Amino acid sequence: MDTSIWRPILYLIGFMAFAGLNAAYLGWCERKGAGRIQRRTGPMEVGFQGLLQPLADGLKLMSKQLLVPTGVDGILFRVAPILAMIPALTSFAVIPFAGNIQARSVELSVLLLFALASIAMMAILLGGWASGNKYAVISAARSVSQNLAYEIPMLVTVITVVMITGSMNLQDIAVHQQGGFWHWNIFALNKSILMPISFIIFFICSIAETNRAPFDMAEAESELVAGFMTEYGSMGFGLFMMGEYLNMVVGACLVTILFLGGWDCPFGLFPGVWWFLLKIYILLFTVIWVRWTFPRTQIYKLLNLSWKILIPFSLVNLLVTAAFIKIF
Amino acid sequence: MTVPIECRQDETFVLNLGPQHPATHGVLRVKLTLDGEYIVEAEPVLGYIHRMHEKMAEDRNFAQFMPNTARMDYLHALAFNHGYCLVVERAAGIEVPERAEYIRVITVELNRLISHILWWAAFLLDLGGFTPLLYAFDDREQVLDLLERVTGSRLTYCYFRFGGVYNDIDDEFITGTYAFIKRLRSRMPTQYHALVTGNIILQKRLKGIGIITEEQSRRYGCTGPVARGSGINYDIRKNEPYSVYPEFDFDVPVYHECDSMARYMVRMDEMEQSMRIIEQALDKLPDGPVKAKVPKILKPAEGDYWASVETARGNLGHRLVCDGKKNPYKLKLRSPTFCNLSCFAEVSEGMLLADALAFMGSLDLVIPEIDR
Amino acid sequence: MSEYWNDVIGGSKSLLIGLSITAREFFKPVVTEQYPWVVPEMTERFRGHIELIKDEKTGKPKCIVCGMCMRGCPSGCISLAGKKPEGEKKKALTKYHLDFTTCSLCGTCIESCNFGAIQFSKDYNLASTRKEDYIFDLLKRLEEQG
Amino acid sequence: MSIVEETRIALLEMFPEFAAADAAARAAADKIDDEMETMIDEMDSIEPATEGDAPAGGDDEVEAAEPAEAATEPVPEPEEPEEEGPRENGVMLTDHAARGTDIDVLCAPDQVVQAARIMDESGFFLEAITGVDWIKDDKLEVIYDYNQYGQEQCRVVVRTLIPRSEPEIPTISDVMPSANWHERETHDFYGIKFIGHPHLIPILLPEDADFHPLLKDFKP
């Protein structure tokens, strides 16, 4: 790996651009996707097929004043949206898009990603708390309990993967799965027959972790108005939205690397970054698809799902995998 | 109810849900005292869209009050038309031609159908499902087009007249209605039941939530789908038949679970029954005039009269007190949701905020009708 | 325990069914009308605001200034005036104002008109920021229509 | 026995003087409803005489109500404007097709609680409470509509007259919780004070409203 100072910087700029484009255009994709599912057209007016809509929205948000209501904690209120955005951006530094496209290969990159994901949750907590709004405070409380419940099955599932590959480096994990879809962790039935289920568990958890519907209790517009974002306008709101989409992208990248073989082609042909992008966009589309299909869960039902179904299943999977590794 | 908002000794806090809140479908305000997310006390505060229709009735003559009736329940405006017509016809002794009665039933049932469809859509929106709303609007739009053909308006109909209806229906309306029923029947199992009713998330959110027992339902005077979801077989169309309803074969869906899911199922089944009524009415539609000869200025005899109709939300009663003059001496509107909502405070006690909103959605509130 | 497995397996199945339905809808054509580009046609009975009808023979409004519409209106939004031109028997309409801000489109005026002199117009896309724009001078409108 | 008949007998409990006579009449012979009506009318005339034997009433309010009833009784008589003459307290059957109601009860203001209790015990629910302002007679009429969920139709109207200058009437909200809101609404519109109501603040009118729009002398 090249250790010159320019390489990470160039890569970072590239990833920033990638992240920025994703944050803007995932919103467009979501609106178009929702429109098609609901048999509407979605945005059509600004540019061809509404392609310039994100730009227009961004301009509108930026031209607005960031209102800081009286009675809020000024510093936290301003910091929270930035805090929602930064960890997601930082995460891209360690994600390997292909064998040679990675800003920095960190040995404990899996751990780093989860640490950063927890900071994103802190942003919601702080934003909700600092707003001094009752809806926002309820939302913050919900968000914390939800994240606590979901990180356990998520981490247990990751431990399973780490046990199989024997590394906590995302690059190594992806390399370990090269050579066709039968090598992917999702189909690693020789390691543990429950791997497809742990893929589903991990995917559900990553949706819950990013506060996406049907697990968007923190936002819950019909109950909590807009949850932690109630008091935010202009780019404060914009950053939260971008942070949400970026977290989605990071989640999709993680799922791809941990379970779907990273940049590997299903049939062993032309592995490369395009396979990686294809996989994450399929996953992102699924997330959007899920959001526009289901009603919202209720917070306690969600905790039930986590504690009664996801955690037992992931623990069983962990034990089975450990047994398989020990025996074979 | 009387505890001041400040200086609470316990850990509770007051949350003002509304008057502008996405889940209250209008301008209902609910003062919630919460302990965490648990509701300690709920007090609905009404009157934000109160327009004193009863006073307006006293100032106008009988026919002039007609447009007001549509402005109360904007989702089932024709039933309010119907209820008011019934009470005035009862007072003035007006006979309605049979064809007019059939047209009334057809349009009222179509209106009930879209009222339930829109309730379903809005309820799913409360629960965070957005897509069903658009599917429902797709269907609703078909009916609105049909009703626009005959009544001329799309939401606040003023179609009924004393002794009949404003104008006749045409063949295109009849074929269009048959086509719509066929279409809705084909969409019902997928877009409605498979996508939503069978969904595990919805089932988990509604089952066992918001239980109104049969006794509570009676003590609070609940009617309509709320009562029928509590196991009470009560439908004005059957219990106190009016118009030509006795001539149709339809069932009153009753569920005994008493929870939000039961009320949901009652409404879903009622849509099917409404379609049955419409089909039968269209099949049997007699020929004849659609409006009886009625003097322009009515002067009913002294006395008081009551007439009830079944709206999509329950028993709508009109009490008309006449003193022999050309305007009502007193018109009392008994709106169904006013009574249905009154049980909210008792039932929602101890519920979670999210559940309480699901429960509130299942009551099918139309605020202008509560506030009148 | 069986309930638990029912929830897990039946629940997952219901979710998959839901996803399959929305996926099918995804590939169906859109049903919405692109309003400013596609303008809907109003039905025959559509109730816009009222307008006067011209008498084809004389070219004047059919209205005979009886004032029944004015008296029948529940909200009192019609005001009209007429005077007898010299040498004619009938009154001629000189003013017909509709205060559309209070009109509820009930059709009582049209019903009460025994001469078929007013009808619903088909105008629906009315928008303005000023209240005065909704006090329509229907006589002028009739003249403008030609 | 039809539900209308059962309810009528239950309601007669409020008027013990008729109840005794009614029971006697029923025991004597099976009469059709119309004749019952005439019987009641006859009983009306002998009401003061039978006032003494009021033992049957299941409630202590009966005793309290009796003197009040007797006291208020003569007052409305000369003032009632209805052409069929003044109506006296009692239970009356009405034609459902013509009126929309089946039983019409006129009682003294104090008796409404007892009426509500009887209705509650018979499984009725409260449909509405409203008032009517008879400004010419200087009276306010309070009307309670009861209905039941049974398949047979039976709608009961309980009405009472209170003086306009002192519009007070006991609350029935502790018997029927649904009356809570209906009474608040009636208080809003007519200014009728429901004695003992737990929370008599405006419900539909603004919180600070001190006017009662449905009174006939209300000027906006």
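First chain written, first letter: the chains are A, B, C and D, and each begins at residue 1.
In this section, contacts are C-beta pairs under 8 Å (C-beta built on N, C-alpha and C of every residue); 3 or more make two chains touch, one makes a residue touch a chain.
Keep in mind that what you see is a predicted model, and the values were worked out from it rather than measured.
Participant: Taking each chain's centre as the mean of its CA atoms, which one is farthest from the centre of subunit D?
Facilitator: A
Participant: Ranking chain pairs by contacts, what comes out on top?
Facilitator: That would be the chain pair B-D.
Participant: In angstrom, rounded to a whole number, how far apart do the mean CA points of subunit A and subunit D lie?
Facilitator: A distance of 67 Å separates the two centres.
Participant: Calculate how many whole Å lie between the centre of subunit C and the centre of subunit D, each centre taken as the average of the chain's C-alpha atoms.
Facilitator: 47
Participant: So the centre of each chain is just the mean of its C-alpha atoms; given that, what is the distance between subunit B and subunit C in Å?
Facilitator: Roughly 24 Å, centre to centre.
Participant: Quick one: subunit A and subunit B, Cα centre-to-centre, how many Å?
Facilitator: Using C-alpha averages as centres, the distance is 43 Å.
Participant: If you look at subunit A, which of its residues touch at least two other chains?
Facilitator: 37-40, 292-294
Participant: Mind pulling the subunit B residues that touch 2 or more other chains?
Facilitator: 131, 135, 138, 195-196, 199, 201
Participant: When you check subunit D against every other chain, which residues touch at least two of them?
Facilitator: Nothing qualifies.
Participant: Considering every pair of chains, which are in touch?
Facilitator: Here the touching chain pairs work out to A-B, A-C, B-C, B-D.
Participant: Where on subunit B is subunit D touching in the complex?
Facilitator: By the definition above, subunit B touches subunit D via 1, 46-47, 50, 52, 54-55, 58, 87, 90, 218-222, 227, 232-234, 238-240, 302-308, 315, 317, 319, 321, 329-330, 332, 334, 338-339, 342-343, 346, 371-372.
Participant: What does subunit B use to touch subunit A in their complex?
Facilitator: Contact set of subunit B toward subunit A: 13, 15, 21-23, 36-37, 124-131, 134-135, 138, 195-196, 199, 201-202, 204-205, 352-355, 357-358.
Participant: Enumerate the contact residues on subunit A facing subunit C in the complex.
Facilitator: Residues 33, 35-41, 44, 289-290, 292-294, 308-309 of subunit A touch subunit C in their complex.
Participant: Which residues of subunit B touch subunit C in the complex?
Facilitator: 60, 63-68, 71, 131, 135, 138, 145, 148-153, 156, 158, 161, 166-167, 190-191, 194-196, 198-201, 203, 296
Participant: In the complex formed with subunit B, which residues of subunit D make contact?
Facilitator: Per the touch definition, subunit D meets subunit B at residues 82-83, 98-101, 120, 123, 125-128, 130, 132-133, 143, 145, 147, 149-151, 153, 155, 157, 176-178, 180-181, 185, 189, 198-199, 202-206, 213-214.
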